[in-house]
Every structure is written in structure tokens, then in C-alpha cells.
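The letters A, B, C, D and E name the chains in turn, as written, and every chain counts its residues from 1.
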Amino acid sequence: MAVEVKVFQFNGCNKCFTESILLKLDSEDKVTYIENPKGWKEEKTDIAVITGYLLPEDGKILESITKNSKKVIGYGDCVTMGGIFALANQNGHKITPLKEFIDNASSINGCLGEIMELNQEIKGKSPVKLKGLCTVCKRKSTCDYMEAVHRQIEFEESDVCFNDLGYQCNGFVAQECKERCIDYDAPCRGCKPMVARSGIRMLGMFGTLMGNIEVATEHSVKGATDKLADEDDDITRSVPDVLGNFFRFTLPTSGLPQGRIPSTGSVLEDVFTGRLIEELPLIAGLLAGNKSISLVLNILEAYETGTKMEVGSCTKKIRKHLRKLEGDLGKATESQDAQQYKEITEKIRKIAGNMNLSNLFFGGFRSKITEYDNFDEYKAHPFDVVEGSYAHGCVEYKIDSDGKVTDFKIKEEAL
Amino acid sequence: MVKEKTFAFFLGCIMPNRYPGIESSTKFMMEKLGYTILPMERASCCPAPGVFRSFNKVDWMVAAARNICIAEQMDTDIITVCNGCFGTLQEVDHHLKENEDHKVLVNEKLKKLGDYEYKGSINVRHAAEVLGYEVGPWGIEEFLVRKVKARVAIHYGCHLLKPVSVRGLDSAEKPSMLEDFLEPLGAESVDFVEKYTCCGAGGGVKAFDGNASMTIFEEKMKNIDAVKPDFILSPCPFCHLQFETGQDWLNKNKGTNYDYPVIHLSQLVAYCMGMDQKQTGLQFQMMGKDYIFQSEEIKQEEEVS
Amino acid sequence: MTSSEVGDFCDPMDAEIKAKIKNLVVFMCNECGQGAANTAGVARMGYDAAIRIVRVQCSGQVGPIQIMDALNNGADAVGVVGCCLGACHFFNGNILSMHRIKLMKKLFKELGYSDQFVNQWTARAAEGETSVGDFEDMVDRLAVAIKNKGTIKDGC
Amino acid sequence: MTKANNEANVSELETEEEPRIAVFVCHCGHNIAGTVDVEKVAESAKDLPNVVKAEHYMFMCSKTGVKMLQDSIKELGVNRTVVASCSKLQHGRTFAKAIEEVGLNKHKHQQVNVREFCSWVHKNDKEGATQKAIQLVEAGVNRARKLEDVETRKIPTTKAALVIGAGVAGLRAANDLAELGVPVTLIEKNSTIGGHMTQLNKTFPTLECPQCSISPLTNGVANHPLIDLYTLAQVKNVEGSMGNFTVEFEIKPRYVHDNCTSCGECSSVCPIEVPSEWDKGMSMRKAIYKAYPQAIPSTFVRDKQTCIGCNSCINVCPVQAVDFSMKTEKKTVNVGSIVVAAGFNEYDPSEIEPYHYGQDGYDDVITQLQLERMLSPTSITNSEVLRPSDGRIPKNIVMIQCVGSRNDQVGNAYCTGVCCKFAIKNARILKENYPNSNVTICYIDVRTPGLNFEELYKSAQEIGVRFIRGRPSEILRNPLTGELRVIVEDTLSMTPLQLKGDLVVLSAAMVPPEGIGPLGSRLHVLRSKEGFLKEFHIKMNPTLSSKGGIYLAGAIQGPKDISESVAHAGGAAALAAAHLVKGYIEKEMLIPKIDYSLCISCGLCKTVCAPAAIDVDQDRVYSVNEVACKSCGMCMPACPTGAIQLINFSDDQLRDEIIPLSGGEAHCHD
Amino acid sequence: MSDSEQSEEQNREFKTDEDFDPEFFRNIERKSKIFSCIQCGTCTASCESGKWTALKTRNIIRKVCLGDLTVLKDPDIWLCTTCFACWERCPRNIQPTGVIMELRNYATKLGNISPNHRAVVGYLGNTGHAVPINDITKERRKELGLDELPPTLFKYKTEGEGKELENFKEFMFDLPPVKEEKKPKKKEEKK
């Protein structure tokens, strides 16, 4: 039975919105796309799909959407749990999950959400029971205590569990997904958690695994202290961004108190500030929608120029190919040619995995980066913001000695 | 990248200013062994680990770092033939490579002295270590022109090996680096009591209280005298100086009659590699002026190339 | 907490702030923690009435879930009290707990709060004063933290 | 908050019966009622959901109080009780027993402590105390609501024990266990039993003969009907948990059959001579040998490594006991307890370079154990102390203390604790034997605690042993004369000394024995940072290892002297026998449950479980070992999905308790 | 300090808490390790200098542990030949040589520095060498076929190139001014 579906794009990244073009494939449903919900004329519809992150002021529109539709589905992490943009809540922004506005909305988690799940939800089929990611992971694990947590930049190819290698993989709390980061040698970021409060649980788990210090005797210096947790130690220091590591997609629903770091400006700026350099492409990839590839590559190339890194010819070739595919994808989106869109997406995925798998691009020079590299030489690099809420602009950022991004600024006048 | 088989030759103070023979011997020796030796222009005193470190550790590190910087600008490792210079430069290098805070502090102060910045890109080597472990007793044989027949009292000196955690060369309690190396040269090392103890000169003691320094040295000399070696060998010009002036002082003040030649490791090796004894500068030294090496030519100098 | 933050406890402000502290949830392990609190009780050693003790098997059992439950539901701060290092009755629970709490402290700092809203202490079963000392320290630190950075309730 | 309530409702529906809770608030005379307004507390409890009865009474622990509790169950159908009175330790058991008597599981009782935690400590703040008590009771009621039955199970045990190591501690443990009627398998790595004690000359403080002391034990153990003794045996694999272990061990061939008459013919014809390990290199032994004449078992043994296979021994043996074709055997035993008494090693002082131990020309630098061998009546020197270099009686003997202990450089920060006594004893014996000799002990601190040890120290001082407070910096050898000098500062008079050392004796530390690492991992027992096996609790449980059913005896837990080892071993034996003699382990099944719909088989619970109570099968399905589990709940926070939950301490249950205690005002939403 | 107090100070054989400053040495670089000293005497026994001179390393460490500041005025600390024997052998890794060097740093700041050492610093400032060149050596250098002057700072100073030696003199090893030694003189006058 054909149903009427309306897809709404709210704030931020429009990747899920773009992905929902695939709804048209093999389906008789009538799908309409509303890019600007503010100017939306209230119409009755069967199913409303919400994408993009939500702010308190969006409440009114959401109310009318609820009124006018039989079923509301939140599609993608931004709607259901806050998503990456909600990291700006650390700086006092109020990105709010859909459940705060609408009680009985159903939700499709994931960044980006899987279109098959959305399709099933629209059809009203009961969701497939998904396994945990670890149960489908092919890597071998011993799951021992960690001696140090490594930055992802120091990555080596291996068939050993990320956790054993010392990289923080959030796959422990994640459900299996179609395009698995782990299949592309990148640790899972936990965009599709299988349990409530996944971030807190991950934090508890990793904290526990860090506890493998020698058993001190009662008479040793440490045994005599009353306040055990006061001093930072090497291993906890090796986790430079706890918030970004464990609460990347779930901050508003995690139960943490609202952050109080003073805001440096827009949501985007607050998301980036304080994140690690190696995470930049990942986040940026989400922001730029179907231009994410060029954005990621721009950052990477700036990064490489800064560090005078040389990339292999194979990587260069792949990058060129990817840029071309991205151009094609843009055209397909414009013409709303769903079949072509699907084909191109499949092609990109074959090369690059999921579109936010920017870690993959590190492959070309991943092995050359060592912990001794300093970030001084590429402290300020512009990259382009091409889509999303930020129409056209240029971005500048600095990196501190820990590799954290500071002074992230968007400049509208450039380009 | 640091250049291979090339060294910046750090002179220090005592060798160029008192015992030029050691300097010429070292140059001869290293060049024969196939190394390139570059002069370090504008180098200063290392400065001495005992005296100057005692006055102000930071300034000591800065002055040493300045010397290291000169070699860094030349992209070569430093070679020195003095335990004191080795002690200072190696220790400062080791310390600054590990301690980021001090590196920043030192670099700040270095700017005042001139266009210097300590990076930590080179290593500091002692000629004894290069001979003992790089050339080695297994490799020196082919360069030898003559062998000496001598019973040698080897004096290691303190700063060559200690502190072991910083130097990492040989055991401090029973080293065998020089003994092993000198064997193919024909020199027989004689054991004597308290062989590995200090000559009494270091740490500013010689300057602070000459008599105290001599008391320590007197015992050392007594022990050496008991085994009657042909000469005393040391890899350090400062110990060299102490053995020379010390014997003289004891002869004058304590009525002894010592006349043991004091020979630097470089001098002996250079001699065995074909350098003329005159060129080693032994005749300028205070002790054992008349000493002539008991040597045995094993091949013509031309054969060594 | 920096040393300057610990600095002055005797500020008259502190008394007012301390009076506002109502619920301080303390997880105490079944061995040294409970033992020390019992000993303190038997010896009638007084402490702040805001202390609320929860019995757990081992400090290693207290995860961030429990700590966040307490903070979300209005607790002013959370303390975890276990045996001394090396003397855990379940071998190394206190060490595991300590590292989790260190991470949580870091998280709080990243969110812009003082890291004193959660902390770990040790106690000895035979010495009631150790637990009382812990409680007093908790209140003191919390008072200073609130004075400097406000309560965690503001953020909720 | 909304979600929390939803979850709560769901789980309530799942439980079979509607919770009916009775709350009793105890006055405890004035102890509680004097500070807390008990009426108000009871009143407030009445309004709580599921509470069918809330009362206050003067003494809940009295017979009447207990009867009130039982009556409420009988009459009102109450299925969970909450008593707000004293601590769980004090009367928690009383009430639990009471409800058990009337047919309720004892874990359905929730004890709320309003005395030690509230009234007694907040005497000056009545209002605050009352408010706190109300919150505590609410928390107790919340907790009681979801309490589950915990069954107590009897697990049968295998009545047999394994003792690893047949030194004095192992022998003692084996003997004690056998005397309690437990069949014992005793395995020993070496060819003889008795351990280090047989090497000694005299034992302190009474200067008794150690051979005489230990021989009743060695003979007793060797002939005990309940003890199976295996020498040259080593543990290979251990499986199972407390009460039921399966241990596989390997017995190396002795190459001599039991019918050996110990006549020694074989040894006399053997052409090979090597330094005797048992004699610490102070004498030689043959390739086929018996460590010492009194050795048990008295069968000879062939050392395959040094034997050249000339077959002379085979030919000469009158009873044809020598057999080179013997093979390594494997044996498996089922036991209920394991006692580890693997002992210690003497520290090898050659690591401390300035003392030059073992170097050429330093033959006269020996260890205390070597000196002990020389003094021993069975020594090759006939109890004479002779310099190893020239065989003369030394005039000046210097002992150096703290060799390898109290030394950060070699990584042994601990004090061995027996060397002082050991050295003083030997110094005294030397001075008695050779009154003209000078015996000097160079010490950092003399540590002679305990009965009769200070007296030993005093007697040594009186007899003329010289004590110098200072740690020698080096042992100096004159290469011309070969004379040794010990360089030391007498710190008390600030005099640097050079002592003549005709014989220098190093008091080497006690260090963990060889092979302790593999043994520890085979047993799944954790080690302390010093390398010894770690006891469960340093004060309260020094004999239990980190794993239930495995006990430590003697120096394997840390340096000990003979009497301490024996006492420790006795304790270990008693603990090891307790559940074997009883025949079963009674255990409350207060263990974690695994929700397999959430479990991702990551194995982190196994990683953090100190008692190694998580089992895993081939399909990576994890399960909790009911016997080994110690109910600590450490696995709960380690589980990334929250699949493993300790019964009655689950996240949900704790949250219900935490909510009222936190003030109950939800600030953050999930 | 008046003379009567001075003499009382001199006669006193005991010390009180006021004579110690336990905090002073807590700040020195090798902070905590010194305080774990067990006074075993290995350092003194190893000390080559201590066999012949008044230097008693263990005693100096002890004074540091107590916070006895008189150790800075003690000339004995200048008798260490920095042979590192104690450093190598100390069972608690206290590194006594390092401690003595650091004490000398403090002593120098207080002006407790011998005239000979002052002269050595002077040489370094003026020539860049602790042992400057002399005419005989210049001759000998020539004779051995070496440059008359080694290519060090001193050579470039005489050639008038650069200001480095000046910088060196200006910024390095700034010693406190010479103490006017009044007290001994007074005593002599009294006598």
C-alpha cells in the first residue's frame, strides 16, 4: 500500500536527508522533500521523517508536523540522540533530541541512518533484531587490560582487536551496521548504540581496563593516600578528549549535565573546538553533506602540506577518482535521479566505505605519523565549508600541543 | 641525518692549550682509521663538569648546549678525547633530550649567546668508545704498523663510564673496554690496587684545594708504583695533567722519585699506527721525557692505506 | 583540584555553602568502607548529616552508571570509599574504580565543572576516624568546588 | 526520571508476586529515638508504594520485635521486610534468620542502618537526622521492592588435596591435611624433599639441629598412608575451581628404580663430577648421585644432562635398579584444594657488581647458605670453615647484610627479615668455633623482632662479634697479594674503614623461586609486584591466594623464617581442609547473572575477575562459575552493555536505592 | 648579629628546631628521593676523597634531610671529585653526587665560593677556556704542525670577529660579589 511520506530537513548536516532520496527506489510511496520546514505549508501526511539536529525553537514546527501526520520517524543520530552537533552542548548550546518534543516518535539511529531500516519503519514492519558489533567483528581479541590509549593517528593494520592494540573502539556498545567502520580498519565510533546510556557504559568499561597498575602494597606511598583519584596518571592522560571519545553522538541523552564552557560562536565552531585533529575530517565529512569527500580531502591535503608528507601514487589516484564520483553524485542529487544516485553511492562505498569513513583517507600516510610529530607547522589551515547550514565559507583553525583544535573560526567572506 | 664517519672534533681546554701532542695524535689516528675530522669553530670550554656545574647548573647546560649546537649546525656527531668534555656534553645532551622543560629554558638562554637552538639531533662520542666498540680490537689490527712491548697501568678516569645509567658504555666496577682494545697493540695491562678509583683532580678539587687533590693522588701513585708499569695510560687529558703535575709535586714535596711517562690513549694508538714519536709530543711532557717506546715494526707504513 | 582551590577552608562563605549541601551520596564497600563507618558510629564521631551511605559489595562495583544516577537525581556530589590500595578485600576493585573515577573527573572538567563532584577515598575498618576524615574532606572540597564553579545541579 | 519509572514498572510486572513490604523502625531505646523522630519516619514510610505496614517499636531485636516481624509475614502476607535499626553486621542476621524461620528467603530482608549511620553520628542535628532517616528508609523500601531470592547451595567437594613443594612448609601442610583425613598428593620439583631447611646447620634462636627437627616430618610424610609423594614433578595444567580441581602434572624420570638400596656403588664408579647444587657448590657430586646421605627418598638419581652414558652404573648396580629407559610420566589428579608451598630462592649476589661475587679471584666471597653448608656436620669440610681459595681457616670474617634486599637498584625494596637473625646466628657459631677469629657484621639496621631474637643478638655481642653500622661499598682485592678488603664506613663514628676479609659472607635476600611465573599463570593466581604469589588480603587472609581453593604456605607468599613458614603452612592446611572434611561448600548464590540477549562475548568480565570465576566455552559463551565467584560485582562496570548484573546489586536495584538518597529530584533526563 | 650572640652561637653544642629549615631542601631538584636515605654509609665508603679529606657524604645527605643549612657553608662539599662512585652504588638511587652539585649551586648563590674557583670563572669569561693557552704551548703547537691557536672562541676573539665571547662573559656564570670578610679580621683585632 502506498503511503505519503514527507522528509523534513532541520538544522545542520543534510546527509541523511540526501540519503533518503533512496526511499524512492523500488517503492510506490509518494515521497516529498521539504528542505526548509519554516516555510512549510501545513499539510496532512501519513508519515513524517525528521532529519537534522533540533533546537528548542524548532518545537513549534515539530508540533504542527505531529498534528498533521499519523506517524513521526526520527532518522539519523542528530534527531534521535543529538548527534555530533550536540557536542556543542558542551558550550551551552541546547541541541535537543526528538523525544523531548514528541513522546511516541520512533527512531532510526546511526550516522547516517540505514535506509533499509527507515523503509521498514515506514512499511510498519517489526525491526530486525540486530547483533552486537563485537559478535560480528572478525578481529581477534584477548581483551586484556590496556597499558596506554593510543591516538588513532598511530594506527597500524592488524587483525587484532582495536582495544588490544590500545585504540578506543566503541564497537562494544554498538549494533551491527551495514557499512562497518571496522571493516575499513577504523575503530567504531558507536553511532548506533545497542544500550541506553552507551557513553557512560563505555567510559566505565575503558576506565576499568585502565586499572592494571601494579598492586601497591599497603605501605607504599600510594597506599597511604586517602584521595586516590585526585592525581592524573599517564594512562588517563592518554585519553585527550573523553567527551568526544565516548559521547560523540549521544551527549544530550547521556545523562551528563549540560556543559558550561563558554561558547566561541556558532554551533559548528563549538563542535570543532576541543576535538582532536584526526577527528576533524570525520566530523567535517558529516557537515559537508554530499560534498564531504572534497572537504575531507581538502583538510587532509592541507594537513599533508603542513607536515610535508608524501602520499603514495595509489592513494592519489583513488582520491582523484573519489572527487570525480562526488561530482557525479552532486549532479544526481540535483536531478533527483535516484537510480544513478544509488549506483554512485555504491561505487563510493566500495572505495571509501561509509561516507563518514574519513579515517580511510589516512591510509595513505597513516604509518608515517608518529607520536613525536609536532603540530606546530600546520597550526592554521583553512578548509572550505561548502554545504550544510553554512552556505559558503572558509574555516581556520589552530592546533595545540595535544593535537586538540583550538580557535576554530568560520569566515563567511572567503571563497 | 647525521653524516656518517664524520665527526666534529671537540677540543676542550687542556688538550689544545697544554698537550697539543694529543690533538695531533688524535687527528692522525682518526684520519688513518678513515674518519673525517672537522674543526669546531668558536667552541668554548665544555664547560668542565665538576667546576662549572657546581656554580650554576643552568649556565653549565647552556654553555654545553651551545657547543652541541655548533656540531648540530655541522650535522655531525661530536667526538672528544677528554672524559670531562665527554661528561659534560654527553650528560647535557642526554638530559636535554629527556627533559622538555629544561630544553625550553636552555634554548631561551641560548638566544642571548648568539644564533643557537638546541634540537637534540646528534650524539656525543668519546674516542675511547669509538675505538673500543666501533673500530674494536678486532678491526684495529689491519691499521697497525708497529706493536709496543709494554706493561701499562690503565687509568680509565671517572666520567668516561660513570654514571652508567647515563653513559651506558661499560661496567663501572670492572670495565674491560680499554684492556681488550690495547691487547692487539701489544700493551699488557697490569692490575693494581684500586685501579678504577679517581685520580683526585675532578670536581673542582684540584683548584679548590690542591693539597687534598694531591693526597688522593699520592695513594693512587703508590698503588701504581707497586706494580712498576712502563707507563701510565689514560683516555683523559685532565687525568693526564694530574698524573704529570702530580708526580712532579710528589717528587718535590714528598721526596719520591717517580718518573712514569703518562701517555694518552690517542698518543699510543697513533704511535702504533705509524706516527713518529716526536709528533706525539711526548718530549714536551714533564714526566718520562727520555722514554722511548719498545716497539716492534710489523709492516711498512705504505702498506697501510 | 589545584592546591589553590583547597587553600582556605575557614571562609565564612563556606559555612553557608555547607549548609546548602543536602545530599552527598557515598558508596561504601562492604569491607573497609562499611566497617569504618560502623566504627565511627559506634564511637559517636559526628559528621555532616548530608552524608548518605549506600552499601555496595566492593568499590569496584560502583560504575559511572551509579555515579551518574546519583548526580542526575539531585545528589550534590558522589564519594566512593573503599579499602586502602593493596588491601582491597576483593583484590583490586579499588584500583579499577579509581581509574574510572579519574576519567569521570576529566569528563567533568571538559564540561566546565569542578572535578570534585566525584572522588574516591579510602578507609580502614578499624579506624572510624578515617571514614569521618573522608566525609569531612568531601564536604570541604565540595564547598570549595561549589564556591568556585557552582553546583552540578545548575547544569541539569 | 520518566524513563526510570517506566523501567521500574516493567520489571515489577515481570516479578511473579506483588511486593508487600513491612517497615519497622526501631527506637533502640534512646539510641535512635533520642535523635531521630521515629514516629515521623514510620509515618512517612506508610505512604510509600507497596508498603502494607509501617510501625515503630522500642527494641526490634527483642523477642517481641522479631515476633512482630514474623507476624506481619504470616498475617499480612508480607513478602519483603525492612527494618530500620542498627547495622547489618549487628542484627541484620537476626532479622534475616527470623524471616527465614517463617518461610521467606533471608535475602528478602532489607536492613536500614539508622543508628551507626544516622542517629549516633548526627546527635546535634535532630532535624537533619530525621530527614536522613526518612530518606534512608525510603531507599530501603525501594531496594526491598526488587529483592530477589538467593538460594544457598551445597556444592560437593573432592576430598583430596594437592600440595606443591615439599619444603618445610609443604611437608607441614601435607602432614596436617593427611592428619585431618584428607588424601594428599605432594609434588616436589627436586629429587629430594625437605627444601632449604635440610641445607642448614643450626636454626635460630636456639641453635637446634634442623635435620633433627625436620626428619620426623620428612619420614612421616614419606611413609604416611594418605600421602602420595612425587619428586621431580611439576604442575602442568590446572582446571576447575574451589572444591573440584583437576590437576595435571609431569614426573621426570629418575632413571633409578625404587628397589635401589642406596649402596652407592653406582656413584663410586661414575666418571663425571659436577658441583653439587644441594651443597651450594661447596662439594662435588657425580652424574648419578644422592644429594646427601639422609636424603628422602633415598633412591639415587641420574642427572641426564651431565651423564655421558658410559653405562658403568648399570653394570655395577647389584640390584639392577639403574634403568636409562625410564620415561617422563604424566599424571592427573582430582583434588578439592591446592596448597602452594613453592618456597624461595637465595638471591644471586653477582648482580651487585661491587661485591664481585662469583668473579675470578673472589672465591672467598660466599653467601650465608654456602657458609651454612660449610658449618654443617654433613659438609665436606667436616664442619670446618675453610677459605675456598686456599683451604685455610680464615682469621677475619666479614658478613655483609642486605645484599639484594632493601635495594632499589636491583628492584627488591623489601626487607627479607631473616638475614639479620641468620647472620647473627652464624657469627656467633663462628666466634664459638674459632675464638681467635674476628667476626664482623656490617649492617644497615639490625632487625631482630620477636621472642628470643634480641637475646641472640645480645649473646653475639657478648661473645665478641663486632657490629659495624654501615653498608660496605665494595670488596676490594689486592691483585698482588690476593687479599680481600671490605670498604665500609662505620656510620656511628663517621670513620671510613678498610676491613680485612679473609672470608666475606653475603647475607643474600630471599627472592621468588624460579618458575614462579609459569606456575602462577597455570594456577590463575595473581602475583605481587615483588614477584611472590599475592595473598588475598594482606592482614585478614594471608594464606588464601587470589583464587578460592588455592592456598599459600610459607615463603611463596613473602620472605619467612622456618617458624613463620610452619605456622603459615598450618593455617593454610586448616583452611584447605575445612571444606574437604565437611564434604561440601555452602555458598549463597549471590552471583552475577548474564543477560545473553545483551552479551557480546567480549570477555571483559573475565579480564577483571580476580578470582577467575568467569568460564568460557568454545563458542565464546561466557558463564559464571558459581563456586569461584566471590560476589564482588567488579564485572558490572566492566561490561560495556550491562549484560552482567550481580543479583540484588544490579544497576536497576542500586538506582532505586540511590534515587531517594540523592534527594529524588531528577535533574537530567536519560 | 652582635658579638655576644655570635660567641654564644659558637659555644653551643646543641641545635634546636629553629636551626633547621626542613622546607628549604624540599624544593631542590631531586626532591623526594633524598629523603628516602637510609644512612647506610655506602656513599662515604665509596668516596675516594672521603678517605683522605673531611668529606663525609652520608653526613651531608643527613644534614640535607634534617634541613640543616650550615651544610651550604661547609667547605667539605667542595671536596667531592665527582667520581660518581656513590651514585653508582647507592641502594636507594639517591645520586649523592648530584645532591652535592646542587648544594654547591646554592652555596655559590650565597657567595660561598673559593677565590680559585672565582679565577677559573674569570678565565672562562675572558678566554672561553677554563685553562687558557700560554706562549710555550703556542710554540709547541707550531712545532707539531698545528695552528698556533686552536679554532675555539679565543681565536675568533682575537681576530675581532663577532661578539660571542662578550655575550659569553656577560650572560654566563654570574657569580655573587666577593664577600667582605670582616668577621675574622675583627677577631684578630680583639686578640
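Observations on the structure shown:
One rule holds in what follows: a residue touches a chain if its C-beta (ideal position, glycine included) is under 8 Å from a C-beta of that chain, and two chains touch if they have at least 3 such contacts.
Every value quoted in this text rests on a predicted model; they were computed, and no experiment measured them.
Looking at subunit A and subunit E, the chains that touch each of them are D. Across the two interfaces under comparison, B-E and D-E, the one joined by more C-beta contacts turns out to be B-E. Separation between the centroids of subunit B and subunit C, computed from CA atoms only, is 61 Å. Once the centre of each chain is set as its mean CA position, subunit C and subunit E turn out to be 50 Å apart. Centroids of subunit B and subunit D (each the mean of its C-alpha atoms) stand 55 Å apart. Note on chain placement: the centre of subunit C and the centre of subunit D lie 32 Å apart, centres being C-alpha means. Residue positions 197, 201, 204, 207-208, 211, 215-218, 255-257 of subunit A each touch two or more of the other chains.
Subunit E has residues 51, 85, 88 in contact with two or more other chains. Residue positions of subunit D touching 2 or more other chains: 354, 474, 526, 534, 538, 608, 637-638, 642, 667-668, 670.
Two chains count as a pair here when they touch; such pairs are A-C, A-D, B-D, B-E, C-D, D-E.
By the touch criterion given at the top, residues 353-354, 356, 359, 474, 476, 478-480 of subunit D touch subunit B in their complex. Interface residues of subunit D facing subunit A in the complex, by the touch rule stated above, are 3, 526, 528-529, 534, 538, 598, 600-604, 606-608, 637-642, 667-670. Residues 90, 197, 200-201, 203-204, 206-208, 210-211, 213, 215-218, 220, 222-230, 232-233, 235-236, 239, 241-243, 246, 255-261, 274 of subunit A touch subunit C in their complex.
Remark: subunit D residues 354, 402, 406-409, 444-445, 469-474, 487-491, 494, 496-497 touch subunit E in the complex. Residues of subunit E that touch subunit D in their complex: 38-47, 50-51, 56, 58-59, 85-86, 88-93.
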